[in-house]
Structures are given as structure tokens and as C-alpha cells.
Amino acid sequence: MEQFLQQIASGLANGAIYACVALALVMIYVSTDHINFAQGEMAMFSTYISWQLMTWGLSFWVAFILAVVFSFVLGVIIERAILRPLHNAPVLSIVVVFIGLLAICNSMAGAIWSYLIKEFPSPFPKSSFGIAGVIGPHQLGVVMVTLIVLGLLFIFFRYTPLGLAMRAAAQNPQMARLVGVRVDWMLALGWGLAAAVGAVAGIMVAHIVYLDPNMMGGILLYAFASALVGGIGNPGGAVVGGFIVGVLENMVAYAGNQIEKATGIYIIGNGEKLTVALIIVITVLTVKPAGLFGRVVVKRV
Amino acid sequence: MAALLEVKGLKAFYGQTQSLYDVGFEIPDGGITTLLGANGAGKTTTLRAICNMVRTDGTIRFDGKDIAGQATEEIVRLRIAHVPEGRGTFTTLTVDENLRIAAYTRRDKAAAHADLERVFGYFPRLKERIQQQAGTLSGGEQQMLAIARALMLRPRLMLLDEPSFGLAPLIVQEIFRILKRINEDDKVSILLVEQNAALALDLATHAYVLETGRVVMSGPSSVVKNDENVRKSYLGY
Amino acid sequence: MPAFPKKLLWVLLALAFLVPLLHPLFPDVVSDYRLFLVSTMIIAAIAVLGLNLLTGFNGQISLGHGAFYAVGAYTAAVLMDHLNMPYWATLPCAAVVCFIVGYLFGLPALRLEGHYLALATFALALAVPQILKYKWLEGVTGGVQGIVLNKPEVPFGLPLSEDQWLYYYCLIVMVVLYWAAANMLNSRSGRAMMAIRDQYMAADTMGIDTALYKTVTFGISAAYTGIAGALSASAIAFVSPDSFTIFLSIKFLIGLVVGGVGSLAGSVVGGIFYVLVDNSAQALSLFVKNDLGLQFDLSAYTVFGILLIVLMYLMPMGIVGGVYLLMRRLRGLRG
């Protein structure tokens, strides 16, 4: 039983990470219809920035905030400089550019900081944090930080004029222009926020998966699965999808473990995590493309 | 009366296709002007051209200043409100948000709040549905929402594209009554594009008739209304 | 896209077959190592050709062709290792297996378009190394260790070195596959494939069985790339899961984009190009370190990434398409 609870708790911690990256993907998707294949690598790069700042002597949280701000600016710049001119380009061109970004982020991180795996600190106090036997201090901290970030984002989008303008620009860009919203800047801002949320996920997960240029590959795949499960056009769904997929991932491994214990037959375990994500992605895409919470807007004329 | 909007030699293109050839007209400050014409004559395109939503060429002067070539959102910020064809509802936003988004660019938050109350005075039905998702409103309500949203921009000029489209006659009458009040009480000049020529000519003080991207006739509504060609082609008697 | 001038093609081909014979005259220029490098370029060209059939000619985006390459490579390796099958016989087997796998993957892909198909194939590419390490397959695939093979032996006592023979072997396979692809594209089926890419709705209403064409194209495309994978298994004499990461698929994409989306000749140029850059990466890195004085391990992927983005701005038709346009313009100037 305790092991079961542990699995759920660690699933929620993973889920929090997936939720953040999935939300980043969805934020860009709803406003531009693009799937940012470089989202994970951008987050990885930001994580290295925070690591670098820490090795220069800054404290974890200062480095965290600076790296997140850096990511925001980088996201805005990438949208304005690279994607804006291609807005009417064919899908293939857009996809190719994202893959180009992925390759650049990955190889630059390798070039600057090398491909050696690095330890990454946890900012959460070991003794007083966590619930013994259920959830470790870092995992609990990850869940809390991501929930705070997601809550702030919710408040921003729901209750501020700028958030409203961004939602309007994403939903109906033409009309948003007709009420004076500078839609191009809203898209860039969306990119910046997405990059920032991704950075939060990267910095939070680095202590668990260790820091290396390929750390986000699997997480990105899970984030895709999460976004799809929640409905790729639905930010709230992406967050819930993240937690669902995070728990599901651990449950599958747990069930596989139990089966192996009981019958001695190995079916599935931690080694098949990416395969599980692949199956989720393809199943959702083909069977239920709108996802579990795919919002269907009632349109009446 | 001085011209609020002055359009000269306006051309518009969709890709390689030209759809406006040398359109010119003037909208007097405080008046209601209507553009008449058959389907495909270029009425909607003219409205879109004013807001730079199609590729255009020519002069467009608003309040004496040339606005041609400025970005749509900058033109809107000069207080030109465009109520587009199909109403442009933000379907996933609530009615309240649909209205508040139009006040987004305004610095005078208190006045914006007062405007919201005034708009609800025109359209009490919107107030009842304030927290409802705008996509679930009926067609008439969405048209009201579109006009209400345009009012929240505190416009000097309102461009209306087929406000009667697809609506029941009673609702159309109600909307046109409100448009008249908006024009008279709020001093909003109006440029109205309408299929329903009789209705438009009753409301408007001036009329222009477009045919295949050119102005073929213009004058006070009372004159245009009695022109034989207009009667035959657009009024049906 | 222009047909490649036929005469030029024949001349190039004849030269390609003559090159190894120059070895006694210029032993340093036509070295075994260089021939091996060219062989890997040929293999890359075939892989890119496969991707181009799907993405360039049929309009289905794949970011996961590394998966089919892996399936081809492993099919060949397993057949050679476990069944002692001769290396040349593994090619048709790899083709059949990859055709089936591609066809099956093409079925769900039918329901996906543009970004979504890119996403599904991207996910596939990410998961491949892990699938290859799956415990139940370990006995066959060798797990993390992979499978060590022998290089193809020179047949009939021909007076060739191993690398020279490998070169001829790859060259012959490519010529056959290129010829088959060119013929297919020139046929009714080829035109149907391209019609689906350009005007999906129209093709559908004209009575083209779009679903069948799309899935079969997926299969053929996977078979081409799979054959390239099988060749690579022979050439490198080794397969292991971690050589088939997402970055392999990215290389194919580079080849596709550089050479030209929807150009057979461009696929060859693209394949050659990415192997060249890949192999010059070290020199490049040294250049950056010594000559530019930056403490930087510049990798080929930085170059690839920048190229991908820059090409989308400057030459969305790829180098072959770009050169063709340039030639036409020059000719236009003269005329």
C-alpha cells in the first residue's frame, strides 16, 4: 500500500512537470496552430543558464528567477525574429524551423557546457519537507512550485486585461485587431510565457533526471501525450492531462512490477516509459483527437 | 459639415485579383452614410480597406490625417470601430470579456465603466447574459454584442457590415432603432453596408452605390431612393 | 520539380563506376577510407530518397524516418547474426519488413495531417531506441550491446578491397532504387501521389483512392529508408539502439531540405551533404577553437540547425531546386 501511494505521489510530481511543458506547448498551439518541437530543448537550455548562474555563486531562487526571465526574453525574440516572417509559410517549413531550433539548442548546450551529465541541486530542505514514506521533499516541492506557477498563470489569463487580450488574440486574431489589440505582440508574449513555463519545468526536473543536453527528450514526449490527453487546444486540459499522464506512467510501471513479482514474467517496466507515451500519443491522435476535455464550442447562428 | 472620413482613388486587391477600382466617398461628421450594391460589388472590401485588412492603394483620410497603410490595430485606436461581417464574436470568451476586451486600449478606465452601463442601457439582454459564453448567444444577441463591443471603443466612426444579416425582421428593426440612437445621442458617425437597401436608405442621410468595385452613383438618401435604377435594382419596385 | 538532365546523369554514373579503378594511380586520393565515406553518403542518399517519396512527393511529413532505418538495420543484422543469411539477401527482407511496418504506421497516419503527423512521427523517433532495448527483444536484438557483424566479403574472387566492393554494392543498390523511384513517379501512380500532395480534395473527388495511395506510399518510403538501414548495418558491421535517436531523423530532414523537397536528384545531394557536414564537424570544431579562439565544441547539429532555418528563408526549394531556378533565370536573361 505504501509503495502504491509512493507511486502515485511520484506520478503527481512527474505530472506537474509534464503539465508545465504541456501548457507551454498548448499556449503556442492555441495562438498559432504550431506545435513547438523545440519546447523541451529550450527548457533544457534555460536550465543550463540557471546552473551556470548558480556556479557563479547565485542562490538557487535568484538563479531560478533570472533563468525564467531569460527564457521569457528568448521566447519573445525567437517568435519575433524567426517565426513571425514565416507565419504564412507551409506546415513543412514551420516544422523544419522548429527542428532547426531543437538542433541548435541541443548542440549549443553541448558545446558550451559539454555532454557530461551534471548533478543539479534541490532547493527544498531535506528534513522538514515531504511526508515520510509517501513523498520526498523535492517531489513535494516540485508539485508546490508548479502549482504556484500554474495558479499565477491562471490569474494572469483570467483576470488581467493583458491576459484577456492574449486570449482574444489567440481565439480570433482578426477581430482582436479590430478592437485595437496588437496581435503580433500578443503572440510573441505567448511565446515568452511558454518558454518561461518550460524553464520552470526544466529547472524543477533537473534534480530528478540530472542535467544533460538530452534531459528533456522523454519529458517532451510525455508533455505531448499530456497535451493530447487534455485536448491540445485546451490549456486547463493540458494541466490536468499532465497529472493524469504522470500518474498513469507510474501506475503502468507499478503494475508491470507487480505482475513480474507475481508471475515472474516481465511485460513492462521503467524501460518502456517512452513506448507508453508513444502509444498514448498515437491512440489519442487517432481515436480521440479532441482529447478527454477537448472543448467543443457551441456555435449558433 | 466637414468630412470625417475622406476616401479617394481607393483600390484593393486579394492576391492578384483587384476588387476595388478607384472608389471615392466622404462621410460627414455626425452623419450616417450607406454603401449599397449587389453581392460582390465591393462593399465589404471597402470597409476592410479602410481598416487595412486587405492590400490597398489610394488615400484614406480620417479627421484630416492620412491613415492609409497603418496597421489595423493602430487605425482602430484612432477610434474607428469596425463591426465585421459575421459579427466577429470571441466565441470562447464570456459576454463580459467580449465587452471588456474593447476597452483594453482605453486609458480612461472610469469612463469605460460608465460606457459599459450605457451600452447595457441599449442592450439590456446582454446584461442578463453577462457571464455566458458568447458563442452560445443567438444570432441577434451576437449582433448586439458586436455593436456593443464597438461602442466600448468609444468610436467616432463606426463601420457596420450587414448588421441585418440572417436576423428576424423584428430584431433587425430593434437594432436599427438603436443605431439611430447611437448616432444621435452619442454623436457616432456611421458607415453602413447593407443588403437591405430600403432599410439602409431610411436610416442613412447619404448613400453611395457600388458596382463591380466602382462608385456609380451618390447623393442624399432621399435623392438616391427615388432614382429609377436604384429603385429597380435594389428596392425592387 | 525539374527532371535531372539525362545525359549528365549517365556521365555521372559512369564516373562513379570508374572512380575505384583510379586507386592504383592516385592511392591517396582514392583511398579505401574515402570510398567508405562515399558509401555512407550513398546510403544516406537512399534514406533521404525514401523520406522524399513520402514528404516531398506525397506531402506527408515524417520526423521519424530514423525508426524505419532502424527497423531495416536490425532486420538485416538479426538475419545475418541469427540465421547466417548472406548480406545481399537481407536487403529484400528489410524492404519487405519495413514496407509492412510503414504501411501499418501509415494507417493511423491517414487520420493525421500536417502538424499532427509530424507530432506522431516525432514521438515514434523519440521512442525507437527504447523499443529496441525492450527486454523480450533482447535475445534477438542484443539489447543495449547491439549486434556486431562482419563486413560484406568480396564475391567471385574479384580483385577488390572490402571497401571498394562495399562502394560498388551500395552504388548498384542506389542506381536500382533511383531508377525504380523515377519510373514510379513518372507513372500514373506517381502522378496520383503528387496530386494527393497538391490538391487533396480534388484528388479524392477525382476517384483516386487517396487512403490506399497514402498508406502504400508510406510503406514504399519506409522500405527505401529501411534498405538504407540494412545497407548501413552491413557497412558499419554494427547496430545498437543508441545510433537511432531522434537526431538520425533530423539528419534525414536536413538531407531532404538541403537537397530539395520533391526532387530525386536533390535527395542524393542532400544525403551527400549531411554526411559531409557530419564528418567535417571535428574539423569545424577545431577551426572554431584554434582559429576563432572560442572555447566551444561546435557540433554538426549547430550547423544543421542554422541551415534548416536559413534555408526555409532563402531556398525553400532546396539547393537543387534553387540552382535550377537560378539556371532558368540566367537562361531567361540570355534569351
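In order of appearance the chains are A, B and C, and numbering begins at 1 in each one.
Here is the rule we use: contacts are C-beta pairs under 8 Å (C-beta built on N, C-alpha and C of every residue); 3 or more make two chains touch, one makes a residue touch a chain.
Predicted model only: the values in this text are computed from it and were never measured.
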Overall pattern in which the protein chains touch one another (line/ring/star/complete/other): line
Pair of chains joined by more contacts [C-beta pairs], A-B or A-C: A-C
Computed distance of Cα centres, chain C from chain B, in Å: 57
Rounded Å distance between chain A and chain C, as computed from the means of their C-alpha atoms: 32
Centre-of-Cα separation between chain B and chain A, whole angstrom: 43
Sites on chain B at which at least two other chains make contact: none
Complex contact set, residues of chain B against chain A: 51, 53, 71-73, 76-77, 81-82, 84, 88-93, 97, 100-102, 104-105, 133, 135-139, 149, 153, 166
Chain C-facing residues of chain A, complex: 33-35, 37, 82, 85-86, 89, 91-97, 99-108, 110-112, 114, 217-218, 220-221, 224-225, 266, 269, 271-275, 277-278, 281-282, 285-286, 289
Complex contacts: residues of chain A adjacent to chain B: 161, 164-165, 167-168, 171-172, 174-183, 295, 297-301
Residues of chain C defined as touching chain A within the complex: 55, 61, 63, 108, 111-112, 114-116, 118-120, 122-124, 126-127, 130-131, 133-136, 246-247, 250, 253, 257, 261, 296-302, 304-309, 311-313, 316
